[in-house]
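Chains here go by letter, A, B, C and D, matching the order in which they are written, and residues are numbered from 1 within each.
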Amino acid sequence: MNPIPEPEFVQIFTTGGTIDKVYYDAGDDYTVGEPQIGRLLEEARVNFPYAVEALLQKDSLEMAEADRERIRAAVEATPARRVLITHGTDTMVETARALEGIPDKTIVLVGAMQPARFLGSDAEFNIGYATAAVQLLGPGVYIAMNGQVFRSGHVRKNRAKLRFETVP
Amino acid sequence: MNPIPEPEFVQIFTTGGTIDKVYYDAGDDYTVGEPQIGRLLEEARVNFPYAVEALLQKDSLEMAEADRERIRAAVEATPARRVLITHGTDTMVETARALEGIPDKTIVLVGAMQPARFLGSDAEFNIGYATAAVQLLGPGVYIAMNGQVFRSGHVRKNRAKLRFETVP
Amino acid sequence: MNPIPEPEFVQIFTTGGTIDKVYYDAGDDYTVGEPQIGRLLEEARVNFPYAVEALLQKDSLEMAEADRERIRAAVEATPARRVLITHGTDTMVETARALEGIPDKTIVLVGAMQPARFLGSDAEFNIGYATAAVQLLGPGVYIAMNGQVFRSGHVRKNRAKLRFETVP
Amino acid sequence: MNPIPEPEFVQIFTTGGTIDKVYYDAGDDYTVGEPQIGRLLEEARVNFPYAVEALLQKDSLEMAEADRERIRAAVEATPARRVLITHGTDTMVETARALEGIPDKTIVLVGAMQPARFLGSDAEFNIGYATAAVQLLGPGVYIAMNGQVFRSGHVRKNRAKLRFETVP
């Protein structure tokens, strides 16, 4: 069999969320800090072409309609066919829906239940998982969480179980 | 579009390698310890069905022909169609070749350049990446390293650059 | 010179604070979790006699007068002459003052600016530092933070600089 | 009571050892890398004056007589009265003996059983502990390990138990 073609360019957009949360001081509690994904990709010594652009730095509960329009505009504007978006988990499902209908692009949203800077965080696994998903899936809008790929419109966050699950 | 079907069962075999290395004492230097992948999958709260079986606990430089036969026999024996193997990076390419020709199975080998218990290790990213790869790829034998999928027979470890690369 | 006598028993009381904060989910934000000091002492394989008792599990901004009375009663009640208290940093100074005047005991308060479960946390350094301080200092009430020993009544938290400093 | 005087300057010498070990690749196994103590002190936001000078970068089993003479010369040459030395654990006892007899200096040797870059390492606790010890102890040569201060000449490493213990 032939070798697999070299991986395509991946455009990464960061929007904030738990994955990027840092801890300054008890008075301030958690704050969304600098995007962590660049550091995680470097530590993993990945060897595919990518660029990281920070669009927002928000807890996803604070995202408004205008924020989703901005994300959609950025996805539409990039020439990249493969787009990875880091996002808070609480409204990831809503942002996925807002990205439906963009043709010929594989769009994967990913986040973390625990900040990337936390011991035992799910961030590194999730970023690795989503990286393969965005490379291997066909066009569409997906959420990659808990070691599973969900199609937009068929997924919800189960807050009691702290995980994503399929909606038929 | 329809929801994506629930993920299939993944059989995970561990064989040792850097990913599982621990550090006891200067006199002993590094030792291959207990498999780390179970802990990593739990931390990531993955929600797909899997089982972990430890086949070997070796530095891959110490693997002999009999070890590879044992791995092949285990892969052939499992009814699972999706098989993930953690393996030392130095002879991962050889073990992949020894697994070629098993029909109807997606077999993905993965390892780490740094022990999973090391700060900044590539282990968690790689396990996440390989998990998506084993779920999404068709039948064949693959190596998933450095954020890239390689087909067995078309990959080598570049020891100078400490990464895997395609062989035409 | 003679060997140093074997270290004395240290009674450790935990009261909560940032050092024990965990992260459940974006909706809940940070929560004070199980005491971390036992795990840290085990990881350090310490070889002195100690016991850990959890008195409170609070952010120190939420501590009331009754909480401080409870801590003081526990310190007075223990037969141990060396007492280590983990505590939130925001009102550590107040609790130290509330412990003044207990005779013949070396009482050291310590906390962390970052949760112990955070990468790059000051928790492990601080616990190590405070352990030596409680073993080596004479009777009195002290705060051990930022690599410095402060005497109760002569210390404040500088919230702008996120560190403790001497008050003349 | 009066405030405690501001902490004195601490001269830190690094000599290598497990605490500074990194992991490059299975073929090379562990290597003694850049000194980690500076990073650890910055993470702990310590607020006492210090300087770090790298004298050696060796596994302590490879230290020769000339290495110990060099360490002694550096300790004698510094005007600092408080000297902290990071050192491999296997011959820390020998180096301590080689430093005996230097007047008016508090000299504390410290190391780690696990590399500082390892999850669950004892390095941060030990550095914190040794920092308080070098500030609080009177003149002499000490080893600070396992949450205990040992006087040079009355300490050995128990390799079976992987900890230091008093020799009468």
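For this structure, a couple of remarks:
The rule we apply is simple: a contact is a pair of C-beta atoms (placed from the backbone, for glycine too) under 8 Å apart; a residue touches a chain by one contact, two chains touch by 3 or more.
Here the structure is a predicted model, which is why all the values come from computation and not from measurement.
For chain A, the chain with the farthest CA centroid is D.
Each chain gets a centre from the mean of its Cα atoms; for chain A and chain C, those two points are 39 Å apart. Centroids built from CA atoms put chain B at 24 Å from chain A. Inter-chain spacing, taken between the CA centroids of chain B and chain C, is 43 Å.
Those residues of chain A in touch with two or more other chains are numbered 113, 119-120, 162.
Counting only pairs that meet the touch rule, the chains in contact are A-B, A-C, B-D, C-D.
Looking at the complex, you find that chain D touches chain C at residues 1-4, 6-7, 40-41, 43-48, 113, 120-122, 124-133, 135-137, 140, 142, 144, 146-151, 153-155, 162-168.
Contact residues on chain B toward chain D in their complex (touch as defined above): 17-18, 21, 23-27, 29-30, 59-61, 88-90, 113-115, 117-120, 159, 162.
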